[in-house]
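Take a look at the structures below.
The two complexes that follow have chain A in common; it is paired with chain B in the first and with chain C in the second.
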Partner chain A sequence: MYSDLLHALPDVLGFYNFAAVIIGVIAGIVVGAMPGLSATMAISVLVPFTFGLEPLVALGLMAGIYNGAMYGGANPAGLLRIPGTPAAGATPLDGYPTAQKGQGGYALQVAVVSSAFGGIASAFALMLLAPPLSKVTLLFGPSEVFWVAVFGLASIIFLLGGNPVKGLISACFGVFVSVIGADPIFGTDRYTFGRLEIYDGISIVILLVGLYALPPVIDLLEVPLKTETDANKLGTEPIWKTLPRMKGYWKTWIRGSLIGIWIGILPGAGGSMAAFMSYNEARRTSKTPDTWGNGEPEGVAASEVANNADTASALIPALTLGIPGTAVAAVMLGGLLIHGLQPGPMLFRENPDIVFGFMWQFLFGAILLVFLGGSLATNSFARLLNLPRPLLGSVIIVLMLIGVYSIHGRMFDVYLMLGFGAIGYVMDKLKFPLPPVVLGLILGAFAEENLRLALRIGRGDWTILFQNVTSLIIVALTVAVVVGPLIKRRYLSRRQASAPGQEPGSKTGTQD
Partner chain B sequence: MSAPHTNRLFRPETLTALGIIAVSAAFVIPTFGMRAMSALLPAAMLAGLIILAVLLLLSDQRKAAAGEEPKPMTSAPKRVAGAFVLIVAYALATDFLGFYPSTAISVPLVAWIFGYRNPLGLAVATLVVVGAIWLIFGLGMSQEFPAGRFWKD
Partner chain C sequence: MLKLMQNTAIAGAMILAAGAALAEYPEKPIEVIVGFDAGGGTDVMARTAAPFIEKYLGEGASLVVKNVPGASGQIGITETAAADPDGYTLGTFNLPGMMARTIDRESAYDVDSFTYLANVVNDPNVIVTSQKGGLDTLEKLIEEAKANPGAVTVGMSSLGGDDHFMLIKLQELTGAEFTIVPFSGSAPARTALMGGHVAMGILNISEVAEFQEELNVLGVAQAERSPFAPDLPTFKEQGLELLNGSMRGFVAPAGLPEDVEAKLLEAFGQLAGDQEFLDAMAATANPVEVVTGAEFKALTQDLHDLAKGVWEETPWN
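Presenting the complex of A and B:
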């Protein structure tokens, strides 16, 4: 089962493939270090540029960016109390007070070593868990695959939290976008309005760039945020000198890694949830909980290890079932699709070198974090915070246009991307979740194809969808995913009603 | 701070829900001319969107009836509208005037309008961005960008 993993290693160590990981990690740290930019946005902008690249080069860039950005977010979180990425939300709790004590450099080094530890653990989890799971999913027929798609959509809507009506609207919108173009079986024209450009459907890349890149750019231009910092006052020491001071964090690293991996596997949960859970657990078990929130570097370790531990593990359901665990994983699925790699059971059988190579790239990306984000680079990345946001915004706009235009060499795609961007901005501001849109687009076509295939096999009999045990299990899981959070919400509101003195949200205990 | 809207129909979520209902209802019409299996998924999704938008509308109106103020979508509406207008103008300029001239104007213009007003920094940034794009995409990857519809004729 794991022999394919070893066979894929030599390819990953090839010059271009390895260089892609290095470039990706550096680019990811740069992106993560800039408040307002995220890994999701960076990968969305990158995806169109990877069209002409070899799959492993493209995936290496994505894996590097993902790992790098998860750590990069710690830079502004620690130095300015502004999380560079949503996943770094718990890092300022102790990162900023540590920096205020003149130990900003040490806080960032704790962040980079913890991030690397979490990333390595996550990559191993991906390597160990994905292959056996893919073997199981190979047994799935069209009706099971249809239910897996429904399960994926349901889980990302209902486990994401927030308003389920808004989540469902997002998913319906995504699935509706997936049907635009010619019907795959009959060739019936669906909503093309005579435009040949969308006869083959709407490219996921156009949707990704519009939804995930345009709203952050508008945010960059909307808020004139001052982010100046003096990198010379960080008190950075060489990383090999500071490593011995971190040896006491090993329990936090292991605990945070396990939390991050578990959260990553759960569809809908993300790095910020992992980071807060890990921080809470580490503080709860600490011998000196009173020092937490006042500049305890172990708090930075707890947060950063968990938000990096959910990176590769989020790809376990994504690669094996086609269900991404996080928004970034959903965008990465889009990146796989444009290289003709359909996530799901057949991916492991048809493209083992690429899929296992991708796993190695996650591992190397995590290891490279220490070297690329360590002592030498810490001050340089801190200086990135001084880049003017309006200039950054205007450059990203140019990159978005180039990326989308170069897919087919036509301006129509650019206008379409701007349309999706406007929709994405409104959705973002009104708290409609964006991952269900992407997943709807990916799984919509997949679900329709398999539903129609199943119905053909069953000669139009709809009961074929419920005629085997695996389908029924997946249906039961889907019902559990839909009903579970509703019951939990009702239970919590009843409990709150019976204890009126308790503030909603006081249970997290992280708002010091 | 702008005064809160008195009309309950002007709440952002209500307007969004009404928009979804109107657009979805319009898109339902073409499904009547499709084969049943081709129409199945789009019709199901559009029906779902209409039902969900009605639920969203009811929930928002219930909040309005309870006196709950809607959260503003943006803290700086003029800056957001300006950003959108400039981005669309840049795309149109690329289409009609060509990529390189539009980019050379847009990069410093957007940065200037939104608060970065260092002339030397703007000049260097424009030169670096346009030059890097030409080197990497134009020269290195032979990527062709729109030359501009005006100049074609």
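Presenting the complex of A and C:
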């Protein structure tokens, strides 16, 4: 098997195939940086055009876009508090405050190095461990996946910020949105009011763009005159000078990579869950948890390393079992199918050059991030802040409208996005945290479907949920995640420790 | 004067030419509405078939695929049904799904809303079992399902699809009883089978061809053995009259002009004999079975009646 891996290398280094990866990475960064345009969308737009291309050129473009976009989303997330992609949902928590402190350039450099680290770790996992790791996926049936979703929902607790009640309301809103559409088992209509457009449920991208991107843009436009102080506060230094400052993040990088790889292997969860969980864990184990949320660059590292670490690993179940780990991987499967590459155990035997070539392309895509992303980030995107605010705000609004319209080519989606934008604006003003909404939407649907499937398998018997070791391990982890902090909090309050820091995502302003 | 005559002559010639061009369908690009995302099975079929249809429609014909995904293809097929019947809008059509949608929810189309061009793909169902259970023959499976009604769990993709109708036929033929576990697609169902989380599965042959070593394939619901997997026995060989599959083809809105319909039918009819097309379809795991025009409509009507019968006895939502 490893000889196949080496055998595929020369092809990948061919001019066209390598150029495809480079173009893909650049395109991915640009797409990711634009709110409303996501990797899933870019690749689905690309898929029909790849019909006439050589397989490795087509796959190289896709691998490049995937890697690039996962990092690109960090740019507006850090600079403007607007995650460019769903996966960058956790990046503004610390990225924006960092930028506000005048370290925007550094935040982006941390993001790019972390993204590359996660991408490289993930590519190695894919190249070296794909067949054994696909066996891990097989352990996760409906009842196990249900517990994973519960585990994810339980960790939301830490994202609630200063006010758990508001956080829980946000999470419930997300879960409610997940219920809209046909139910996963019988296809019964729920809250669709006869609109076929939402029969398949509310697309995460529409919700995210409306909820996350619109309020900050309105914010930008509300205070058009506060721009002058920001202009020269990027603090951009060449990336090789800032690298030594990042060496303290190695624990976060390794932890985030492992979390990202694990989430990638599990079907359905995707980059945003990986990023949030990694952020959580990093914050929980940090020696200075109080600085988190107020501009701790390590928070950016935690989020960005994990959302890139799930890229290649999401392809492990996709290539070996035909089940995509993320929405992007699902679209990529379509791209593979067009070139006659049927996912499954036979794929590795029948088309080793292409499959292993694809894996190399993931690795190169991740490495290229440092070079392409590093220079792009510091030289172009960070200059965003120099634009007059009214101009910047209008450009972003136009991009959002185009992006959402182009998902399915429907105005309905645009109206839906604007509706969520209004809700997001109100929530933002009332200081309701937004991350729990996104996680509620993703994990709510995930938990419901798998719980119902598990109960059907058990023919209504609830004990099916506790009948094997994998389930019990995840249940134990969930309990630990919920109870652990309560005990810790009681211990801390006895020592009269101060309350947790400011609410995530809230503006720290320009005063400091 | 001469000039005027010349101009008149040219104008006259142009009018004649325009008249001739009008008769010469197609004179502009033909849109093919696919009710699923780019890269899915139906999309791949449409894009693979498009250049061949262009070839058979003659010089200058061009087919443009437009993806209108959502609601299991219902949004796309509704758009096809409502389009102008001028031959410039075609759509992909899935059976039995498109007919089941007219029964289990409100739909803006029915069997008579379409001009039936050609069914192109027939992907027969297969019954597979997990290698983690002991049910490695059809006999053992049915015995177990009869002895313990409902104890055998069956993974499949959504209710009201070909897999579901296949199971209903099996239950009617054998009197055995199963518990349905409808996953959101075939791939997750297949994975649950490989992990031993469900005992049995109903899939399509294209979905198991690459997984023959990981699953027990008990039989194929087709009259003849499939060229896709010639080693796999049919149910007929095992004494069970079980035929079912997932079908994909092309329709146009009802009421096409006769000459346009004839031209399209002729073009689609030629697909079956085109080796290059058959090879392209085989490479993308699409078993071809071309059925055109009236026969295709009759097939659709049959499936509609079957689905309606099932719905009246055991509605699935």
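FYI, the second predicted complex is superposed on the first by the 273 of 512 C-alpha atoms of A that agree within 3 Å, B and C clash if a C-alpha of one lies under 4 Å from a C-alpha of the other, contacts with A are read in each partner's own complex, and residues count from 1 in each chain.
The definition used in the following text is that a contact is a pair of C-beta atoms (placed from the backbone, for glycine too) under 8 Å apart; a residue touches a chain by one contact, two chains touch by 3 or more.
In this text, all values refer to a predicted model and were calculated from it rather than measured experimentally.
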Message = Quick check for you: in the superposed arrangement, does A:Leu321 touch first (chain B), second (chain C), both or neither?
response = second
Message = So in the superposed three-chain picture, is A:Pro142 touching just chain B, just chain C, both, or none of them (first/second/both/neither)?
response = second
Request  = Mind working out whether A:Asp461 is in touch with chain B, chain C, both or neither, as first, second, both or neither?
outcome  = neither
Inquiry  = So in the superposed three-chain picture, is A:Leu430 touching just chain B, just chain C, both, or none of them (first/second/both/neither)?
reply    = first
Request  = Mind working out whether A:Ile185 is in touch with chain B, chain C, both or neither, as first, second, both or neither?
outcome  = both
Request  = Mind working out whether A:Met346 is in touch with chain B, chain C, both or neither, as first, second, both or neither?
outcome  = second
Task = Pick one for A:Tyr405: touches chain B only (first), chain C only (second), both, or neither.
result = first
Note = Interface residues of chain A shared by chain B and chain C, listed 185-186, 188, 409
Complex contacts: residues of chain A adjacent to chain B = 52, 165-166, 168-169, 172-173, 175-176, 179, 183, 185-186, 188, 190-191, 214, 217-218, 221-224, 388-391, 393-395, 397-398, 401-402, 405-406, 409, 411, 414-415, 418, 421-422, 425-426, 429-430, 444, 447-448, 452, 455
Key: Residue ranges of chain A touching chain C (in the complex, touch as defined)   = 44, 47-48, 51, 137-142, 182, 184-189, 194, 196-197, 199-200, 267, 317, 321-323, 331, 333-335, 337-338, 340, 342-347, 408-409, 449, 453, 456-457, 459
Ask   = Given the complex with chain A, which residues does chain B contribute to the contact?
value = 12-13, 16, 20, 27, 30, 34-35, 37-38, 40-42, 45-46, 48-49, 52-53, 55-56, 59, 73-76, 79-80, 82-84, 87-88, 90-91, 94-95, 103, 106-116, 118, 121-122, 125, 129, 133, 137, 141, 143-146
Residues of chain C touching chain A in the complex = 37-41, 43-44, 47, 65, 67-71, 74-75, 78, 104-106, 150, 153, 158-160, 179-184, 187-188, 190-192, 194-198, 207, 209-211, 213-214, 283-285, 316-317
